[in-house]
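Chain nomenclature is as follows: A, B, C and D, assigned in order of appearance, with residue numbering initiated at 1 for each chain independently.
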Amino acid sequence: MTASTIPHLVDHASLIVHGPDQPGIVSEVASLVTRNGGNIISLDQYSDDASGGAFFQRIVMHRPGLAAALPEIEADLDATLAPMGLEWRLRDMSEPLRVAILASKSDHCLLDLLWRHRRGELPVTIPMVISNHTDVAEDVRSFGVPFFHVPSQQGPDKSQSEAEILKLVQGNVDFLVLARYMQVISSDFLTKAAVPVINIHHSFLPAFIGAGPYRKAKERGVKLIGATAHYVTEDLDEGPIIEQDVVRVTHADTAADLQSRGADVERAVLSRAVTWHAQDRVIRHGNHTIVFNS
Amino acid sequence: MTASTIPHLVDHASLIVHGPDQPGIVSEVASLVTRNGGNIISLDQYSDDASGGAFFQRIVMHRPGLAAALPEIEADLDATLAPMGLEWRLRDMSEPLRVAILASKSDHCLLDLLWRHRRGELPVTIPMVISNHTDVAEDVRSFGVPFFHVPSQQGPDKSQSEAEILKLVQGNVDFLVLARYMQVISSDFLTKAAVPVINIHHSFLPAFIGAGPYRKAKERGVKLIGATAHYVTEDLDEGPIIEQDVVRVTHADTAADLQSRGADVERAVLSRAVTWHAQDRVIRHGNHTIVFNS
Amino acid sequence: MTASTIPHLVDHASLIVHGPDQPGIVSEVASLVTRNGGNIISLDQYSDDASGGAFFQRIVMHRPGLAAALPEIEADLDATLAPMGLEWRLRDMSEPLRVAILASKSDHCLLDLLWRHRRGELPVTIPMVISNHTDVAEDVRSFGVPFFHVPSQQGPDKSQSEAEILKLVQGNVDFLVLARYMQVISSDFLTKAAVPVINIHHSFLPAFIGAGPYRKAKERGVKLIGATAHYVTEDLDEGPIIEQDVVRVTHADTAADLQSRGADVERAVLSRAVTWHAQDRVIRHGNHTIVFNS
Amino acid sequence: MTASTIPHLVDHASLIVHGPDQPGIVSEVASLVTRNGGNIISLDQYSDDASGGAFFQRIVMHRPGLAAALPEIEADLDATLAPMGLEWRLRDMSEPLRVAILASKSDHCLLDLLWRHRRGELPVTIPMVISNHTDVAEDVRSFGVPFFHVPSQQGPDKSQSEAEILKLVQGNVDFLVLARYMQVISSDFLTKAAVPVINIHHSFLPAFIGAGPYRKAKERGVKLIGATAHYVTEDLDEGPIIEQDVVRVTHADTAADLQSRGADVERAVLSRAVTWHAQDRVIRHGNHTIVFNS
C-alpha cells in the first residue's frame, strides 16, 4: 500500500468486458467472479443490439486479498472469455490512475481539477502539469503539483515541443487531460503517447467546430451555449464524446459574457469526464462512448 | 396474444429480486436465467450497504416461448431464492399493466397521459378514467377511454363515493393514478384497493406540504417551483417519492403564472413516474424508492 | 369588443421601438406615453452597443379608451420618433394575433399548441390548421378548429400546393407556424405570404442541420439532444433563432428513443416561441432575435 | 480613481427607485436622468400590482464626469422623488462594494468566490476573510486576501466572538457573506453590523430547514437536492431568498454523495447571489427579493 493508495477501495477491482453479444455472458462472468472469491458490488451492462450487437459490461467487485489474487483471476478471465471472443480489463481500483494535465493560460479547468483532487473527489494521481505558458505555474505549485513549462513552437511543425512533452509523460501516466490547452495535437504525438487523451471543447459539439466557438455562437444567436469533453483522435473535434452540458444565454450576453458563463460549464463537464474515466466508467466503441455513470 | 399485447415485448419478462444482500446473488440469478433458457437483456442492481444491507435487482430477460415456461421459471425462482431469504416478482412484459386514472377538473396531467398512451409511449392499458366532475368527460371519450363520474361527498366521510370507485377498480386494475384528483384518499380505501396508487403533488416535496403549494411558494419567494410524483400512503404527502422536477420562476411571476408553469412540470413528472412504474423500474423500500431508469 | 377579445388586456398596448441608439430615447418615449394618457406597465430595453449600436425597446402600457386613442398616439409616435430615425410598432394587445398552423403527420407539437390555446395560455386566434396529410384532421376538429387538407406535390416544384395554402392564409393571418410540417417552404411562398413564419427544428441548431437530426445525433454520440424554434428564411435552418432547449440522453437511447424524448422538447420550445411572438416579445434584427421574455 | 476602481464602469451609476406605484414614474425618472446629462444604458422595472402596488426600478446610466455631478443628481432625485413618496439609491458603479467573507472549515464556496474575484468576475473588494477555524488560512492568503481567525465560543452566548468580528467589519464593509459559516448569527450582531448579510443554505429551502439537510434529504428520498442563497434575518433560514438551484440525485447516492454534489450547487448559487447583490440587482421587499438579473 503506497502513499497514493485509495483506502476505501482496497480489495476492489473494476472489470470491463466487451465484445460480440451472445446469450449467457452475464451468467458466465458472474460465476467467474464468485468462483474467484469476489462479490459483485455494482454491475452495469449494455448491448447495442440484442441480436448480434456489441456487449459492454462494467463490474465492481470486492475480493479480500485482491492484489495477490489478480494473476489467478486474470488467467481465469483469459480462459473463460477468450473462447467467447470477449475482451476484458481488470484493474485494482485502490491504485489511482496517473494523469498529466496540459494547460495554456486559462486557469478555470485546471484549477477545478486540482481543487477537486485535493478535496478527494478525483481518484487520480497528478504527477505533473505541463503548460506552454508560465501563467499558471504558481497556482499549480501551491497545490504541491510539479509544473513543467514547455513552450510551443510557431508554425505547423510542433515536433520539438511535442517530443519534450513525450519525454515527460511516456510510460509515466495512464492518460492525459487537455485543460484548455490551446495547441493542436499531432497524430504522431497521439500514437507515441499511447494513452487516452481527454480534451474539453468550448462548444456544444458538433456545433461550432474549430476555433472561436463563443464568437460563432454569438454570431448565430443561439440561446444556449455548451461544452464538450471528448477523447482526442486524429480528426480535430471529432473524437468520441464523453460528456456535454449547456447553459442558457440571451441576446444581451456579449461574446465575453458567453466566454465567462461558458467557463463554468467547461470546468463542470471536464471534471465529470475525468472522474468517470478514472473510475473506468467510460468504454470507447468506434466513435462513441458507453458511459456507465448511474 | 390479446388485442392489448405489446408486440415488441413478446417473450420478454421483467424479474425483480430484493432482500438481504449477500455474496453471489447476481451469479445465482444469472445462472437461473440461463438454465431456464433466458438471455439477460438488461440488468440493474443496487445494494444500500455492501455489508449487511438490502439488495435490489431488475433484470429484463428474453426467453422464447416465455408464456408456457413461466410456471417452471417461477418454481425455480422459489426453490433458488427462498432459501436465500430473497423475494422476487416475475412478469410477462408483453401484457401491459392496467391502470385507472382518477381526475377532477384539471386536464393537463390526464390529457398528457392519454395522449402519450395513444402515441404508444405508455406501456399500459387504461380501462377507465374516473372523475368527481364531468368537465373532462368529453375529452376522455374522444380517446376511446370509458369515463365514469363518481361525485365526491361533502365532509370527511367519503365512504360512499370511495365504495363506488372501489366497485369499479377492485380486481380490475393493477394500479391507480391520481392525475390531480383533488380528494384525500382514506387509508381504508388504500387497504381495500390493494394496488399501488401514484399521486402527483404540485410542489417540490417536502416543501409546501398540503394545499395551495403555489400560493405558499409565491409567499415564500422561491426561485424554483416543482412537482413530485409519489406513492400514496396513509400519511398525506409523505409517501415514497418516485420522481421530481423543477422550473425556474422569478419575482414577476404571479401565483397564477406559477400554477400555469407548474402544470408543465406536473405532467412531465407524472408521465415519467407512470412509465417507470409500468415498466417495473420502481421498487418500494420503506419510505424510499429504488428507480432503475437509466 | 369581438368574441376573440382578451378581456384582461383591454386598453393595453404593446409598443416596440428600435433603431440607432442615442441618448434620451427612453426619456422621450416615456414622456410620449405619459402625455398620451398611458401608464407604463412593463418596459424592457436593450442596446447592442452603448456607443453607436442598435436600440430595442418593448413597452406595455395601459391607456383607458385605448382603441379610440390609437390614431392620435400613432401620429405622436410618427412625429416624435421619425426625426430620431427610430421605427415603431404599436398594437392593441386585447386583439389576439391570428395564426395558421401547418402540420404533417406528427401530432405532438400541433396538439400541444391547440391544447394550450384552449386552456387560455396562447394569446392567439387559430382560424385554421393546414396539413399535407389527413392524420390529424379529427383531432384538430375536436378542438373546434377548421382543418384543411392540402396534399403536397412530388418533386421540387411545389408551386401548386403552395398557391393553395396562400389562398387560405393571405390577408387572413398574422403569422404562420410550422408544427413539424415536413415540407420545404419556397422563398417565393415566403415573399407572397408576407407574414412571419415560425418553424420548429428537431435539433439543437446549428448542430445537425438538414434532415434526420436524431439519426445524426445518434451517430455522433452526443449526450444531449435539443430543439430549435426559429423564423423561416430563404436559407434552410439558418433563420433567426427564437428559443432552444435540450434534454439529456445516454448511449442506451436508440434513435427512436431520441425521437420520442426529443418530441417533448420540441413541443415545449415551439409553444414558448409562439407565445413570445404572440406577445410581441420577439424583435428580429439581422439574423438574430431580441427576446424580452423575463 | 483608486487602485480598486473598475475601469469599464467609470462614469456609470446604478439608480434604484422603489415605492408606491403610480402613473408616470418611468417618465419622471427618465427625464431626470436626461436633464442631468445621463444616458440610460439599461432599465428594469417591476410593479407587483399595477393598481396600488409597489414599484421597483433599476437603471444603469452613463454620465460623463459622474463623480463630480453626484451631489447635484442626488439633490434632483430628492426634490423629484420625495414628493411622490419614492425611495432611491444612487451609486457610482466604478467603486466596488466591500465584502467580508466568513467561513468555517469548508472551502468550496470560499475558494469559488476568491477565484472568481481574481478572475475579475466579482465586482467587489474583499478586505478580509474571517473564520472560526484556521483550515482555510493558507489558501486565503495565497489570493493576497487578509485572513483573520476568530474562534467561536461554546454555548449560546457568542457575544465575545461576535464582538471581535464586529470590530473587524463595522464601518469597513458594505456587506457580509457567510460562505458555509457554521455559526448562528445573533440578531444583536445583525443590528450592530447594519449591513446586508448573505448566507448559503445547503438545501432547497423551505425544504429541510435547519441542520443536516443532506441527511434529511437522503431520509426523505428526494430525487433533487439544492441550495439557497438568502439574506440573513432574525428568523433562521427564513430570510428573503436571492437565488436557488438544484441537481438530480438517485437512490444510489449516499448522504456523502449528496454533500459532494451539493457543494457544486452551493458554490454556483452563492456566487450568483453575491454577484447580483454587488451589481445592485437585488431589491429586498418584505420577505421577498426582486432580482433584475436578465
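Criterion: contacts are C-beta pairs under 8 Å (C-beta built on N, C-alpha and C of every residue); 3 or more make two chains touch, one makes a residue touch a chain.
Here the structure is a predicted model, which is why all the values come from computation and not from measurement.
Asker: Find out how few touching-chain steps suffice to connect chain B with chain D.
Answerer: Between chain B and chain D, the shortest chain-hopping route counts 1.
Asker: What chain lies farthest away from chain B once each centre is taken as the mean of the Cα atoms?
Answerer: D
Asker: How many angstrom between the C-alpha centroids of chain B and chain A?
Answerer: It comes to 37 Å between the two C-alpha centres.
Asker: Multi-chain contacts in chain C: which residues touch at least two other chains?
Answerer: Answer for chain C, listing residues that touch two or more other chains: 46, 250, 252, 294.
Asker: Spell out the residues on chain C that touch chain D in their complex, using ranges where they run on.
Answerer: 23-27, 30-31, 33-34, 39-47, 50, 62, 294
Asker: In their complex, what parts of chain C are in touch with chain A?
Answerer: Per the touch definition, chain C meets chain A at residues 46, 48, 204-208, 220-224, 226, 240-246, 250-252, 287-291.
Asker: Of all residues in chain D, which touch chain A in the complex?
Answerer: By the definition above, chain D touches chain A via 107-108, 111, 115, 119, 121, 142, 250, 252, 260, 264, 268, 294.
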